[in-house]
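Quick one: this structure, given as structure tokens, is what I'll be asking you about.
First chain written, first letter: the chains are A, B, C and D, and each begins at residue 1.
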Amino acid sequence: MSSSYGKNIRITIFGQSHSEGIGVCIEGLPAGIEIDIEELQRFLDRRAPGKNAYSTKRREPDMPEFLSGMANGITCGAPLTAVIRNTDIRSSDYSELFDVPRPAHADFTAHVKYGGAQDVRGGGHFSGRLTAPLCIAGGICLQLLKRHGIEIAAHISSIGNVSDAHFDMVNVTEEDFFALRENDFPVIDFASGQKMKEVIEEARATGDSVGGVVECAAIGLSAGLGDPMFDGMENRIAGIVFGIPAVKGIEFGNGFGSALLKGSENNDAFYTDGSGIHTKTNNHGGILGGITSGMPLVFRAAFKPTPSIATTQDSVSLSKMENVKLSIKGRHDPCIVPRAVPCVEAAAAIAICDAIFENNKIRGV
Amino acid sequence: MSSSYGKNIRITIFGQSHSEGIGVCIEGLPAGIEIDIEELQRFLDRRAPGKNAYSTKRREPDMPEFLSGMANGITCGAPLTAVIRNTDIRSSDYSELFDVPRPAHADFTAHVKYGGAQDVRGGGHFSGRLTAPLCIAGGICLQLLKRHGIEIAAHISSIGNVSDAHFDMVNVTEEDFFALRENDFPVIDFASGQKMKEVIEEARATGDSVGGVVECAAIGLSAGLGDPMFDGMENRIAGIVFGIPAVKGIEFGNGFGSALLKGSENNDAFYTDGSGIHTKTNNHGGILGGITSGMPLVFRAAFKPTPSIATTQDSVSLSKMENVKLSIKGRHDPCIVPRAVPCVEAAAAIAICDAIFENNKIRGV
Amino acid sequence: MSSSYGKNIRITIFGQSHSEGIGVCIEGLPAGIEIDIEELQRFLDRRAPGKNAYSTKRREPDMPEFLSGMANGITCGAPLTAVIRNTDIRSSDYSELFDVPRPAHADFTAHVKYGGAQDVRGGGHFSGRLTAPLCIAGGICLQLLKRHGIEIAAHISSIGNVSDAHFDMVNVTEEDFFALRENDFPVIDFASGQKMKEVIEEARATGDSVGGVVECAAIGLSAGLGDPMFDGMENRIAGIVFGIPAVKGIEFGNGFGSALLKGSENNDAFYTDGSGIHTKTNNHGGILGGITSGMPLVFRAAFKPTPSIATTQDSVSLSKMENVKLSIKGRHDPCIVPRAVPCVEAAAAIAICDAIFENNKIRGV
Amino acid sequence: MSSSYGKNIRITIFGQSHSEGIGVCIEGLPAGIEIDIEELQRFLDRRAPGKNAYSTKRREPDMPEFLSGMANGITCGAPLTAVIRNTDIRSSDYSELFDVPRPAHADFTAHVKYGGAQDVRGGGHFSGRLTAPLCIAGGICLQLLKRHGIEIAAHISSIGNVSDAHFDMVNVTEEDFFALRENDFPVIDFASGQKMKEVIEEARATGDSVGGVVECAAIGLSAGLGDPMFDGMENRIAGIVFGIPAVKGIEFGNGFGSALLKGSENNDAFYTDGSGIHTKTNNHGGILGGITSGMPLVFRAAFKPTPSIATTQDSVSLSKMENVKLSIKGRHDPCIVPRAVPCVEAAAAIAICDAIFENNKIRGV
């Protein structure tokens, strides 16, 4: 199986790029929650294509219809299902794709796994389009978290070899987040953002694509969320973030950087200001032993470059078992990283909600 | 909850560093499998402490007793439970630890989560000692996989800023693996290994510790294992590898490196040699769309430096809510990375077994 | 949470009686399965209301739309989602219901659980209408099972105190099943069926309702399906059958009858006819130790009488906390048992598919 | 898989009748709970064999050793594992059993499922002995529930055709429970109990066995526990009770009896006494729509007669595929129902704890 996540709030994502619809079923939402549909739509718009010069020209409205789970605009305790119709489901010209897998796409592995029955149109269930229902679920979780003082935001940490500034892992604030959300190319350092846009534009001009990194932070988390071993916050977050297509790596706090350090450099000293306990540095990224420390939770996800490029590539005809050349037609995002920013926020929000509900189980028992 | 992993083969790990025993219960093992106990013990010995100059001097036999799940030396279909007794369970001198959390350890977060009821002795359930039952389960899975032509091995990819050579991601072979397993300090490049040992020795001499990276490869996997979205091979492997204490990052194939590249550089071209379909390069690390491609599966896990260091550190007295100095007594591993190598192999083996069983479900239906 | 079932094939049912739509998401279906939509529709029609004189007059087409999971009419390996629109979703006159819970309905318990946010219209997520998506999933599983020689059928075992003949637990055949499926009031003994109809008609005439029992059998099952302890066939089937509204009891084989017997009477002797191993009697209902024996799997589910009756009943005003009288308006099924027959078949089919996939996991490993 | 139960508190039961040990691992227990070991032992003693004239003469101490999950006598948040050693693990004389399956036992179905690798000694993992770890987990849950005002008790409802009085489903009290727990043959009506003992004694004298029914009630439950559809209280309780060997049926409230009634007879009218809302009758057994109503939760489980009887029975030689006669040697319980009483209480306690933790998840969110 495949497309469900969560033990306490469970999302099940369905649909293919060119099926009748895509959507998500969310189980475990508390009853009585008013969902701000307009705010949700604004969140969804952040990942929508065609929004700016840096993504594909195709426009889809991507307005979810709520089939179930609400009464009078508030959650009713029953599973909430939201569906987005696929309006453009032409399936005319996928015969070549069916026979010749695109490099770095799931075409070949899906072919083997499903014995040729997979839905090849537009990448099927493997399409980046399936991040739209992820964002519906995540957008709802973000609203839920916000009411409890928890905020999550992400920014483009790098595109190719151009890097943004990092979050201040000790002091990242809600104000930093506001600025990012208002920015349709969310970076901390405006000048770096300009250089990133040039890198993307260059990739587009040459029919190429480029990868990047998204950095995400959550603030307002109380200490004590997450569990030891396999349900730690790292496991939980990695378990959903790798569900976003093109993610090939994840690191928490100092991450791979901590592997270069000595304990005396990497350990975060505790201190108290009388009211609470904090750490002076935050190399641990807000997680110790899988459990939140109350410091900002910070992680980074690496995205490989978009596989679809204009350059002719080497591939194989599956039917003839012979080597062939493949040219991929159509316009594609030269860089999916900007649109991935809200997807990473959504994934983090779902994972954190799930951990909070887990923690609540034995409250006051 | 916390300490179970897997949907098809499920391992449940229990125990604390100083409880009566630690162990693992494995559900879902096929019946009729002969477990080579001696081979398993050799595997367990690879993570045992005190084996060489690079780890703590303490010696524990760590021989598992099998309480259930076997009859006449073969698996019988019932849950298999193996237990290792904790022979040294003195709990005399943990009062300071209970009050003053060690930086970068789980002491503080466990204190908050469990309201002071956590078992502080030796790190409790958060201790690295709990990787012994992980290795029991993983060692059994490795034997199972080997009979089906699947081999897994890992090496020390870096210690501090000294790096080993990388696996040849396209052509890594069983012979490469044999060499690593015979090496009690498993590196590909012997000279790099010598430098790493110096780095560790220097850390020990200064009462400090150092982090590193483990690189792991699995070969012999057929294409088609793993699932889209949240049960992809990346999700599955990350979900267990982050259960090893001190892991702060994971990347697959080219990982964070792919974020620096263009699509034309990172895409792996397909080709056929008549009999099968392969890729010319392996930046995808054997996984496309969450599903194995038949190429070697390669990933890297980043380990932070051991938190326990001799240097006096800043911390807090939880009872008095005031800032205090903490000196950690006793001998500790200056670097856990060498001992983590078999743990990473074990984790990968369990995740891969689980994916294979998943795939079998609908075979021939 | 609530509305998901299955570990290997997982169904998630969503919707409320008067929400925009109801439906089911099915994960884990094999790819490449052609679903016979017409056969599925015939199956769904068996539970549809208004079909005959013995159920409500309201007519709904209940034709599912497939949003995902298929390409060119066959399953593609991605989650399959089917939706039925609720065409009649007036929500005008539920204010009394919201305040005064109907006896034997879930109104009161849902009110407490969801703090007044539950969807009261038509029973919300607790409505018998939610058995339509159960039947979609079950109908697909029935087709899958049939291709592997497994057939499932059920009949009305009793209505009030009028009983049908029982299945011949040793020799029930496919022919017996054909006869039942062609009968829109499925009984084995036609004369008993006539008396049952009279009992129902009498209940209707007096504004009352009546309960009954459904007996279900599955044939063609190989021995070895199901697992010990908590994943036995009884656990699996009970776990889904109690999801059908109004079920208050379930028994397997001789069930409660076996509690009256001695071992010498209840034990089923084994014998071989040279080719296979069978039992002379089938008091065990095809399940021993939770695992199928290869004999027909037989169980019975008890349905309480429909709670909605015309008679004025005692209840409570939740807002005023005072005792009030309640008259339920509208037409209701005087007996849901006839329409429950395909629901029980559907539930059994899903549980059996799940057990088969479980068993496949370790096939040939 | 097989031997785990629960989503919020999860128990995993391991062991075979003649393996080194049997036990249970419990995940999800709150930290900080003091377990009264003596009270737990008294509870375990209620199911121990050899306690009175009505069970086998064999005596086992069945004292659990706690390997993990506690520190200083209280739960520490880590998985709790308790083990009972099998002191008598002779495996000399099971060769006949291996070849000739005992009627009504799992010998044959386990043989098919595990391909001959199953542990046949004493019934292996299918042995009633595995209810000892169930009772460890259940005994701990009972202590937890008791501290929150929830009490659970069961009695022998019938043996063969001799019936005890029923619980007063509306007014069953803690006092009724005390009386049952002090009775080593727990019945409500002493005279009926005497007759039951005669029925058991007669079965023993003739080398036969006899079945029976256990009725269980839980009081002090608040309304609102349990979930719609597949996580209803009926599903949850049935899902664990069928894990007790020999259970062939379960019913809630009026159960199969409600199938005989009219709605006007079976519906339970609501009323308020000013402070709370109750029902005048309790045919619903404290569960409506899968959710507790606050009325006593009452269910009954049917146990088939012990399969092991002295009489020679017909069976099959698996190796020769020919019909043979089987005589089972050794002493066996002529009736397991008295010893099953605490097992049913244990199962109910675990299911109810799991539902409470589920309900807590979204408390105050």
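The rule is short, and it goes like this: contacts are C-beta pairs under 8 Å (C-beta built on N, C-alpha and C of every residue); 3 or more make two chains touch, one makes a residue touch a chain.
In this text, all values refer to a predicted model and were calculated from it rather than measured experimentally.
K.L.:
Report the chain whose CA-based centre is farthest from the CA-based centre of chain C.
P.N.:
B
K.L.:
When the contacting C-beta pairs are counted for B-C and for B-D, which pair yields the higher total?
P.N.:
Between the chain pairs B-C and B-D, B-D carries more contacts.
K.L.:
So the centre of each chain is just the mean of its C-alpha atoms; given that, what is the distance between chain A and chain B in Å?
P.N.:
Centre separation, chain A to chain B: 26 Å.
K.L.:
Between chain B and chain C, what distance separates the C-alpha centroids? Give it in angstrom.
P.N.:
The separation of the two C-alpha centroids amounts to 45 Å.
K.L.:
Mind checking the centre-to-centre distance between chain B and chain D? Centres are C-alpha means, answer in whole Å.
P.N.:
The mean C-alpha positions of chain B and chain D differ by 39 Å.
K.L.:
Show the residues in chain C shared as contacts by 2 or more other chains, in ascending order.
P.N.:
Within chain C, residues 1-4, 7-8, 13, 28, 31, 78, 110, 113, 125, 228, 358 contact more than one other chain.
K.L.:
Going by the contact rule at the top, pick out the chain D residues touching chain A in the complex.
P.N.:
7-8, 28-31, 78, 144, 148, 228, 356-358, 360-365
K.L.:
For the complex, which residues does chain B have touching chain A?
P.N.:
Within the complex, chain B touches chain A at residues 1-5, 7, 13, 101, 103-106, 108-110, 112-113, 125-126, 130, 158, 160-161, 203, 208-213, 223-224, 226-232, 234-235, 238-240, 242-243, 245, 247-256, 258-272, 274, 277, 279-280, 283-285, 287-294, 302-309, 311, 313-316, 318, 321-323, 358-359.
K.L.:
What residues of chain A sit close enough to touch chain C in their complex?
P.N.:
1-4, 8, 10, 12-16, 19-23, 25, 27-28, 31-32, 65-71, 74-81, 83, 110, 113-121, 124-125
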